[in-house]
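The first chain written gets the first letter, and so on, giving A, B, C and D; residue counts start at 1 in each chain.
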Amino acid sequence: MHNRFDGTTFVTTLKVRDSECDAQGVVNNANYLVYMEYARHEFLEAQGVTFADLVRDQVYLMVAHLEIDFVNSLSGGQVFDVESTVSRKGAKAIFDQRIVRVSDKAVCIRARVEVIAKINGKLTRGEFFDRFMPK
Amino acid sequence: MHNRFDGTTFVTTLKVRDSECDAQGVVNNANYLVYMEYARHEFLEAQGVTFADLVRDQVYLMVAHLEIDFVNSLSGGQVFDVESTVSRKGAKAIFDQRIVRVSDKAVCIRARVEVIAKINGKLTRGEFFDRFMPK
Amino acid sequence: MHNRFDGTTFVTTLKVRDSECDAQGVVNNANYLVYMEYARHEFLEAQGVTFADLVRDQVYLMVAHLEIDFVNSLSGGQVFDVESTVSRKGAKAIFDQRIVRVSDKAVCIRARVEVIAKINGKLTRGEFFDRFMPK
Amino acid sequence: MHNRFDGTTFVTTLKVRDSECDAQGVVNNANYLVYMEYARHEFLEAQGVTFADLVRDQVYLMVAHLEIDFVNSLSGGQVFDVESTVSRKGAKAIFDQRIVRVSDKAVCIRARVEVIAKINGKLTRGEFFDRFMPK
């Protein structure tokens, strides 16, 4: 709902739920992966493909490798942008994702997410990703 | 961000994340509590009180009792409204909450959530809730 | 793994993960539903039926109604028992579930969970549950 | 509860909850971080330090960087070991963690997790970690 796309970077705006924070009062690490996956799925949906469609068609997108820097912490109620750009590298789609707090533009997360596509359980060469690449 | 308030009912609009669904392809039950808590916190915040402030001040709002009907299931990507109204009953704030799918207006969840306030670990008589009650 | 069954009450022992607590330092409400669902699935599995089997066979067990008292809070690292008993009422299986902290036997949660079974999308009369009822 | 330590590798055994799986029927990526954090906290606790103690004392352990290979997927009900070894590198504690399915010894996750310690909001040189290092 809160997405914008300038042709290169897809931006999804979200707000931290208090239930996503732990006793330290900041977002638990695992939830940043939730945010980034949500943003990738919004990116797909903006291009006409839903995750539910993919599951039904037995096209399974799976993260194969992930590197992530936790730079600053988000806390309850803060609004943030997930910025995503995508490129292709062999069988993989590479999502470069950043999470930026809206109030002060602080970069909270920098991540590189490598995604593969399996169809009926078989690793594909990534042709599936072609249609999502920037023109 | 996506809230509206007509003076009686506070409405928070959200979208199901695919990670909130389980192998049945629908939202796992526990996540409806997450949605409803988020809506209650948005309601508080709209009136100038954040959950983080409350924790800092050792005012702990806690659900004491919950009844919930699961009427229809939401699935990945669906947009829904959490409708919340609040009233006071003794020491408790009573939130009547419904979750309604936006596309077809199907009621998915009907719940009654009884919340108490503890300050420095002691149960209060609920004076805290007065300022949030509809005038 | 940590289950025991005396013929009437099925007991599942778990430990709170710190990531399940929120900024108040106690388990977020929604997670109690996660614990209770896990215990119900362990109960099924102990009788030879896995959730994955059910999904594959399009037998969908769904919570229709839930009432829950939050009596005491659990916090990070605490060990607790989920005690479950089951009975049949028409089309529903009724699970009475309690969550009890092991260290001091404090009752934390008392819940009544009404479960229905749908097969290929159709509500059943609950025959499915017969085999799980105490003899 | 299910931990063992051979002096070098700390092993925590867990079982996948169905609620941790998504519509693909496998564990959602974010939950592997939950498992690994839980194992690290169990490791600390086995050495006499709980996360709750640390929060109270304003010692905040935070993941600064994480690299993770998703090699095989876990699905509902599967039992797995989280294997953790720790070493020190400057201000960081480095946890090398693997998740291995018990039934067939398949490696599911390989990760390197870099943790820093902040005390009263200030980055430490990591002296805190010394007592946890293998002798």
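Everything that follows uses one rule, which is that contacts are C-beta pairs under 8 Å (C-beta built on N, C-alpha and C of every residue); 3 or more make two chains touch, one makes a residue touch a chain.
For each chain, UniProt lists the protein as follows: A, B, C, D = Acyl-CoA thioesterase.
Please read these numbers as outputs of a predicted model, since none were measured by experiment.
By the document's definition of touch, common neighbours of chain A and chain C comprise B, D.
Of all chains, the one whose mean C-alpha position sits at the greatest distance from that of chain D is B.
Among the pairs A-B and B-D, the greater number of C-beta contacts is found at A-B. In the CA-based superposition of chain A onto chain D, the rotation angle is 180 degrees, rounded to steps of 5. Centre-to-centre, using mean CA coordinates, chain B is 23 Å away from chain C. The distance from the centre of chain A to the centre of chain B, each centre being the mean of the chain's C-alpha atoms, comes to 27 Å.
Computed from the mean C-alpha positions, the centre of chain B lies at a distance of 33 Å from the centre of chain D.
The set of chain D residues touching two or more other chains comprises 18-19, 23, 25, 28, 30, 34, 37, 51-52, 55, 76. By the touch criterion stated above, chain B contacts chain A in their complex at residues 1-2, 13, 15, 17-19, 25, 34, 37-38, 41, 45, 50-52, 55, 75-77, 79. The part of chain A that touches chain D in the complex is made up of residues 23-24, 28-31, 33-34, 37, 51-52, 55, 60, 62-70, 73. Chain B meets chain D in the complex at residues 18-19, 21-23, 25, 28, 30, 76.
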